[in-house]
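Got some structures for you, see below.
There are two complexes below, and they share subunit A, which is joined by subunit B in the first and by subunit C in the second.
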Partner chain A sequence: MGGVEVVVEGIVKSFGGNPVIRNATMRAPAGRVTTLLGPSGCGKTTLLKIIAGLLFPDSGRVLFNGRDVTRVPPEKRNIGMVFQDLALFPHLNVYDNVAFGLKARRIPENEVRRRVFRALELVSLNPGTFAFRRVTELSGGQRQRVALARTIVIEPEVLLLDEPLAHLDFKVKQRLLREIKRLQRGLGITTIYVTHDQTEAMEVGDHIAIMNEGKVVQEGEPEEVYERPADSFVASFFGDANIVELGAEGLVAVRPEDVIVNPDNGNADYRIPGVVEDKVFQGALVRLEIRVDTGRETVIKALVPKGSGSYSPGQKVIVGWKREAMKPLRE
Partner chain B sequence: MPSKILRAYTYALLAMIYVPIAFMVVMSFNDSPYAGEWKGFTVKWYKLLLADSRALEAFNNSLTIAIASAIVSTLIALPAAYHTSKTPKLGVLNALTAPPIVIPEITEAVSLLVLFLYIGFPLGWVSVFIAHTAFNAAYAYVTLTVIRGADENLVAAARTLGASRFYIWRRVIIPLSMPGIVASLMLTFMLSFTNFIKTLFTKGPGFETLPILIWNRARRPGLTELSSQNALNALTTLLVLVSISIATVYTVIVLRRSRTSRIVGA
Partner chain C sequence: MEAGGHETPERIGDRRLAQAILYAPLVVFLSVFFYAPLVWLSYISFVDQDTGSLTLRNYLEVFTSPGYLRVFAISLAIAMETVAATLIIALPAAYYLAFGARSGERPFLIAGFLVPFWVDFLLRAIAFKNLLYVLGLREGYVATLIAMVYEYLPFMLLPLYASLSVIDPSVIEAARSLGAPRSMLLSRVIIPLSMPGIMVGALLVSLMSLTEYIVPSLLGGSQVFTVGMMIYSLFLEGGLWGLGAALSIVIVAASMILAFYASRLLAVNRNAV
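This part shows the complex of A and B:
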């Protein structure tokens, strides 16, 4: 338990003159899950490969508990990585896939066997049923578990997961997400989880770092980032937001759930008249899109509880919000 | 019924390809020296071949050149193919490997002969071997790159699992490239074993491979019992037998390989 704190400082990386990481500084607290969230192409997989040692940065440092590992190759870093396409060895069965890292370390056969079986049990694969199956015979979720077992069996200090659940259906994804979290808590491994999916990021991350265009633009606890987004990108990428330009206040974000439709007197500090343009039923909530003629955005998104009044497209309404709902953004 | 017509057409096409070969195989068991008249079943042409030292020597030349050329051309192509598998875009380099396959064989044959004569290289086993290997390397390269071995992520995964370079070559790259290596060996063996034109131009006087021997005897049919039609049919049947068995194994390996790699992709 405890684990290793990972710190990334001022990483810059270009491929053929094309900058992929412009300036990445972030921290992954020891023993916790840090999610690295960003749209595709923002450089998050490249940053993860730099943390793994599969790529070396042009400048900047990678520190494991203060120790500079920037130029240490992956085989000497004691990390574990689950790849986006899993990268299971197609010519080996489940057992040999999981045993790979142990055999590479010349660990005696009986200990290999014990540890492989325990790792399979940890990821809820019955060794008796699965150990000697070909990986090509497994379902997507089962392959995912093998990839995870292969990684944790070597007892890495840092676990790196590159969109590990990207190709699974919703239900399998939900179950595996919970299991990864349970497994990580049990083992206490510092984990960096890369994803482009904000719900996944919120669900799994104790700490979150948001990347855009090669930079880490904000990091912190998920709630903190949600409540105080640094800029308009974070506000609209991590959760949904209305970005509004108000004279005295400057640029602010207002979460759709903080928008009040037809507020009573004294219930809202800001009021704008508008017209309902679209209405989408989302179960417990109804999402309204209201066209207004002030502000930077001309459509305000609002989430209202399903029973809170009937709105229909074309209807004239007032949208409003309280002063404390406005989150000031840096431009 | 277009589908029925198409099926009949396909059968006709296959018949066009296989009837002459089947005729030749059947006639190699004909007790008459002439292919046209059936005189009953015999294996005498094959017995005759076993005692025919010239045929045995030609067979031996064909076999040794084909084996050597297959191994050397595959070894030559391997580093280039590995480079390609690590580099996604190689337009020009890839384009350069196609000409050896599409250039008319007679052109290659003449150019090789001119080159050998120009540098004064003695013609014989070695010159034929060089000629075969030069064009086989292109086929070996194409085979090795088409049948992808270990992709880069597998190597990266092995590294994060703590494996050394040597361990990765031994446990990942070579086992996964094996189907490509075997396929390349078989394809280049077959191309060399059955080659005629390049061999004819680069062999020099007196040196014979199996296809050359068949041609030499077919030019003067019936001159001796060994060059009778059905003796030639027996000789050619052996050639076909070797090629078909190699081609079958090759097809099985390629099919199995492409099937598994399709399943593995997540």
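This part shows the complex of A and C:
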């Protein structure tokens, strides 16, 4: 299949004079999963709906494999979208929900049946048990699977997922996340996965685009974005970060796991004295919050292995890090 | 059932009494002004007015005389056509109100639609009669139908709007994203999901228009003679109480059957949603 590459260029969209997307440019590589990560209200759902064709932008372009589809309505785009609240058809049973897109394409009844059953199997719903159930009788995870089956059954060129796992509990979420990945790899559909959850974004995405206040502020491979965050927003939203202003270096980010507490001589290029303010046990790691004075009062977060010495609030320590742990930020 | 779960018989008795007191005024009112007259009405429908003995003659005449059947047929036709016309006019408007209108303009659109109905019913019917003359329309079947549609439009529009406005807009987006053209969106998603509203609207409009008296007597001219007019004339002009009562009972029974089936269909539909 190969899939299509989706490119979004300079999208601007306002609702009633209220700018929601100020300038969004991003790329979703063919056949891969791109996560669109951002805090709620940053415009990511709106951008997804523009890619779907459910909304048209005020300016900018949407390209599928170089073809301009900016003003093509969704029914002519061959996309599949899973909505945040799933949006299953409440008056139809599981079979008719999944068959909907095939019937819209006027596919013959016997092929509809074959493909609906296969799609249900792909999302691990036994057709014999579930096909003729009402969607209102299903659990959250099962409804989620129906929504996914309804979308992939039409073999879309682009799969758009809008926080599809937002309302599920942790375990179901983990399992479905793995299944979505497996399914996507098997089908090779270009997928854009919207989420506000950074762990979900890291887990599922081959490529990541981070949005803030209506702009795509950085995109790239997750590791690359983590290692070289463009600004303080990215540094602290994608992973955790200490943002420190150091005279000569300017504004830098230091990851908590790169902070060394009471470093040996020569082990750290920067050292600042501080006082432990809080200590949070996190299982394998212990999170320390250390108040330091870098000209202005700052709290440095440090993650240390649980056995690496005992620290308690009030204790005086030195925090330090290596030169290469500092990530310069713009602004 | 109750929180706590240990209710004494006295407590239950107290609650029953409180409930009875709350409900009593309605029961007394309806008993005096509706149920008792209804019982009396059904009694006289079985009485031969000349001999005073019990009889089925009134019903026999209502069901067999071509005159009555024609009146039934006209009333039913007007009612069904009123339902169809109000539905056709109200559905697009209700759709626009629910999905097209901005939330700021919605109250104004609804108010603009309802203001005419704050004017007294009889007054509007009389005004309508004059308006028809101005427009060059004659009294008769068409004029009656237009006026009925005008009278009953809100009873169709409001339930339709209510049922459309609870449809999740993303369900419509989902249908579009799955490739549904407009016609399929309407026939497979919007109409099925607004069925409860359509049923309530159709039920209200058909029940009210079936026995409508004022509009056809003001605007029907000599061609239109409806059940409502027939009942009026049997009771108050002909003095044929037995026949009038039988006809009334038939209409009440028909309305109840209609309402019963509609509510059953509605219940089935609600289960589906």
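The working rule: the second predicted complex is superposed on the first by the 328 of 331 C-alpha atoms of A that agree within 3 Å, B and C clash if a C-alpha of one lies under 4 Å from a C-alpha of the other, contacts with A are read in each partner's own complex, and residues count from 1 in each chain.
Keep this in mind: contacts are C-beta pairs under 8 Å (C-beta built on N, C-alpha and C of every residue); 3 or more make two chains touch, one makes a residue touch a chain.
Worth saying up front: this structure is predicted, and the values here are computed from it rather than measured.
*Asks:* Sharing subunit A, do subunit B and subunit C clash or fit in the superposition?
*Replies:* With subunit A as the common anchor, subunit B and subunit C collide in the superposed model.
*Asks:* May I ask you to decide whether A:P90 touches subunit B, subunit C, both, or neither, giving the answer as first, second, both or neither?
*Replies:* A:P90 sits against subunit B and subunit C alike.
*Asks:* Just checking: does A:T129 make contact with subunit B only, subunit C only, both, or neither of them? Give me first, second, both or neither.
*Replies:* Touch partners of A:T129: none, neither subunit B nor subunit C.
*Asks:* Between subunit B and subunit C, whom does A:S139 touch in the aligned arrangement: first, second, both, or neither?
*Replies:* Touch status of A:S139: no partner.
*Asks:* If we overlay the two complexes on their shared chain A, which of subunit B and subunit C does A:S59 touch? Say first, second, both or neither.
*Replies:* neither
*Asks:* Using the superposition on chain A described above, determine whether A:N267 touches subunit B (first), subunit C (second), both, or neither.
*Replies:* In the superposed model, A:N267 contacts neither subunit B nor subunit C.
*Asks:* Once the two structures are superposed, pull the subunit A residues common to the subunit B and subunit C interfaces.
*Replies:* Subunit A residues touching both partners: 49, 52-54, 73-75, 78-81, 83-85, 87-91, 100-101, 103-105, 136, 150-151, 154, 160.
*Asks:* Under the touch definition given earlier, write down the residues of subunit B that touch subunit A in their complex.
*Replies:* 153-154, 156-164, 167, 171-172, 175-176, 260-261, 263-266
*Asks:* Across the complex, what residues on subunit C touch subunit A?
*Replies:* Residues 102, 168, 170-171, 173-181, 184, 188-189, 192-193, 272-273.
*Asks:* If you look only at subunit A, which of its residues touch subunit C in the complex?
*Replies:* Contacts found on subunit A: 16, 49, 52-54, 73-76, 78-81, 83-85, 87-91, 100-101, 103-105, 134, 136, 150-151, 154, 160.
*Asks:* Hey, which residues of subunit A end up touching subunit B in the complex?
*Replies:* 49, 52-54, 73-75, 78-81, 83-91, 100-101, 103-105, 135-136, 140, 143, 150-151, 154, 160, 167
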